[in-house]
Amino acid sequence: MDDIIITEHEKPQLHRPVLIEGLPGVGNVGKIAAEHLVDELKATKFLTIQSKYLPPQVLVGDDGVLRLVGNEMYYYKRKGKTASDIIFLVGDYQGITPEGQYELSYRALQLLERHRLQRIYTLGGYGVGRIVEKPRVLGAATSAELVEEMRRHEVVFSKGEPGSGIIGASGLLLGLAGQWKVPGVCLMGETSGYFVDPKSARRVLEVLVAILDLKIGYGALEQKAQQIERLTAQFKEAEKAIADARAEDLRYIG
Amino acid sequence: MDDIIITEHEKPQLHRPVLIEGLPGVGNVGKIAAEHLVDELKATKFLTIQSKYLPPQVLVGDDGVLRLVGNEMYYYKRKGKTASDIIFLVGDYQGITPEGQYELSYRALQLLERHRLQRIYTLGGYGVGRIVEKPRVLGAATSAELVEEMRRHEVVFSKGEPGSGIIGASGLLLGLAGQWKVPGVCLMGETSGYFVDPKSARRVLEVLVAILDLKIGYGALEQKAQQIERLTAQFKEAEKAIADARAEDLRYIG
Amino acid sequence: MDDIIITEHEKPQLHRPVLIEGLPGVGNVGKIAAEHLVDELKATKFLTIQSKYLPPQVLVGDDGVLRLVGNEMYYYKRKGKTASDIIFLVGDYQGITPEGQYELSYRALQLLERHRLQRIYTLGGYGVGRIVEKPRVLGAATSAELVEEMRRHEVVFSKGEPGSGIIGASGLLLGLAGQWKVPGVCLMGETSGYFVDPKSARRVLEVLVAILDLKIGYGALEQKAQQIERLTAQFKEAEKAIADARAEDLRYIG
Amino acid sequence: MDDIIITEHEKPQLHRPVLIEGLPGVGNVGKIAAEHLVDELKATKFLTIQSKYLPPQVLVGDDGVLRLVGNEMYYYKRKGKTASDIIFLVGDYQGITPEGQYELSYRALQLLERHRLQRIYTLGGYGVGRIVEKPRVLGAATSAELVEEMRRHEVVFSKGEPGSGIIGASGLLLGLAGQWKVPGVCLMGETSGYFVDPKSARRVLEVLVAILDLKIGYGALEQKAQQIERLTAQFKEAEKAIADARAEDLRYIG
């Protein structure tokens, strides 16, 4: 079989589009953010990607109907002559091997060649190993000019963060885009890394919609965030209970 | 060498065949079920698949004669003009890498293209982590119509089961079959996942033969089930003994 | 680079050759046996195999000179018109992935196609997890006739041994040889699996030279065996000391 | 995408060049040494290698600008007609699979074919598992003559060191260079393997610059070495404190 199987549902004509990528990753921040945007903008699916670089797996819906795992592209046409249309890259998984990561990112860029991307925004989480009250949105960009532009939108560029660079599609799409001379930026919402993190995803989205001059609601995201909030509250209580118990122990011992 | 080596022993002409897949997996439910059906129907082997995606291994028979591991296809011609003939896909192993899984499933579908499959039944186990007295047969299908049809045959479609989807050939064959517009269903027998499970395989077969309007005996399967039954009885006794011993311990401590 | 790089040092004309394979494996039985035979017969190297399926490694000799790991083929021409010449396949490593195993075995058979192999003997160890005083030589063959022939040479064919079949080149060469209709047998010396085992290798060789009607000395092998014998004696003493100490403990407790 | 993507920034004409390789490895000795030499000689980057055999990762600079991980080649032209020019191979990572290791090393040699390399020096660390006060520089070479030549430059050739050979690019480049008949030597600085080791890198460089008749400063390397020296001093103190504490414990128990 072909390493990557592309199914085109539609061939949209797009005006100076930007690409927004949000695939699973740390805290699923990028996936949650990008899929929320797809829902809010009622973007249209135009392309499905299936591949042996993805897990050999089908997912089963609540109706008992199965579908092969894949990535999908959506588009959203904007009104007005000046605004860029938007393409979304979302999906169930990232490539499961380093080679698969490269091949899938490269192919996505190749597929979008004819649309002449103006810019790429990749969305992800930045795991810090502790619960974050007010997540920052960190950035990394393909040029110093873009770094400056992003700073004006509250994106934080912090020396040594992320120390290990950016692993996976959010990094590769930008790293490989140089072959097509497409500039781009990675927006990373701070997150514990312990939970899926809709709150961090919301912060990333707030920055992104300001950059792109979009208007969206956050209702669905807010609901998910509250569910997770309850979970993390329980988690913190449990942590405190354990800490208290230990202090108690030490008192007896002392 | 070719990634997949096909040896055709015969080129059968088949009437509107359905494919039944049963390869090793959870509780070996699918393999046991499909191979029992091959035996009962005295199906004819017509194709052998060897591949570098399978383990680098030969198996040694009781007579000391070895053979390379592989997958095989069998056919069974049914009497009457209306009934579908049956093709079986069985074997020693599934592909041992994700890539191998995709390639082997895709190739199997490609090989069967000329037979114009009417439907695919993939058989497997659904591991629940505890010993199951009366295994249900869960399902997942390629369309809502097929889900409805299967429900009428006591196949259970249960929201959130299997939660992680279906991994391996039983999923992939159905997920990839969309490329050939072949509908299909996965029948999963509930099983502990601790033992090979002929009882679960029998339940899957009972559902399947009802769907296909076949008649088979279960003698051989019953024997295997009784052997396993004895094993699981010992297992449960051991569990009980450990639990009793613990209770005893606690009484002393208390 | 090519997946497999072949360097031919010589193009020997061989008379009805048989292939003897001895690559690293359980107890290094096959490697020790085959390399001893190469030394004793003063066989001539005619072909080197290097490959990305082998470890990315060079070995350094006592003289400080390095060489890339590889496999090698040697030949030995026998006097007389009736006896078969011998080809040896030996080397530093087996393929390090399942795919590599298949590719290397297949290629070896392909390379030898023009020599029209009469038979293949693959040599290996059969690990039993305990120290073996008198190692048996177990067998598996490509046909029932060959099983019978081998039985007459003290090769043991024992139902259920080896239970998991034969993994690696010793199995694959025979399993794939069916494509060229070359018969073959795997000779496995019983071994603990804890040490390299020249004693087991000697037993395999004794059987093999009887089959092939060769005459060789065992001096070098005997020396290695004595070294290992001393090691295993120490091992057994240590085992006994531990067992005695435990018995002592129990007496106190009792 | 191509397995390996080459970007040539310049096509230098070089005089009888030698290749110096220093990629990440044990103690990062080779990488530190080669990159220090690149800096000191102000060598010019002429080629970038990106590949799916490297991690799917971008690195982020202190300025927030990202770049895809890769390997790079630099050249340094020497004055005078007799001296060899120098090519450097340095980078962020080595290939992350055995196959990738082979492909990247082979490709590097292929790329340099037209420069007719006179010799290859690969630089690495030799991990000994303890802190080394005066690191030796061990060697392995492609011929006995080269071993002799290196001995005259204080390179130590020690029977059984390194026992397991040389793994990775430092070995493969030399092992594969035989295909182009290019001789070479691996210089390995003794190192604990616990820390990056600029001191060991300096010793390797001292040997190398003597061989190549170069003059360089060691200021930057000295600074790094002092930082690490402080770290290892703390490490040794901690080790001693633990040992003392244990001795104390034993006294009480005794």
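Letters are used for the chains, namely A, B, C and D, taken in the order the chains are written, and counting of residues starts over at 1 for each.
By definition in this document, a contact is a pair of C-beta atoms (placed from the backbone, for glycine too) under 8 Å apart; a residue touches a chain by one contact, two chains touch by 3 or more.
Note that the structure is a prediction, hence the values are computed from the model and not measured.
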### Query
If you check the contacts of subunit C and subunit D, which chains show up for both?
none
### Most remote chain, CA-based centroid, reference being subunit A
C
### Query
Which is it for copies subunit A and subunit D: same residues on both faces, with over half shared, or different residues?
different
### Distance between chain centroids, defined by C-alpha means - subunit A, subunit C (Å)
53
### Query
Between subunit A and subunit B, what's the gap in Å when you average each chain's C-alpha atoms?
37
### Query
Touching two or more other chains, which residues of subunit D qualify?
none
### Topology of the chain contact graph, where touching chains are joined (line, ring, star, complete, other)
ring
### Which pairs of chains touch, using the document's own definition
A-B, A-D, B-C, C-D
#### Entry: subunit A residues touching subunit B - in the complex, by the definition given at the top
1, 5, 50-60, 62-69, 96-97
### Task
Spell out the part of subunit C that touches subunit B in their complex, as residue ranges.
95, 98-99, 101-103, 105-107, 139-144, 147, 157, 159-160, 162, 164-169, 171-172, 174-176, 178-179, 186
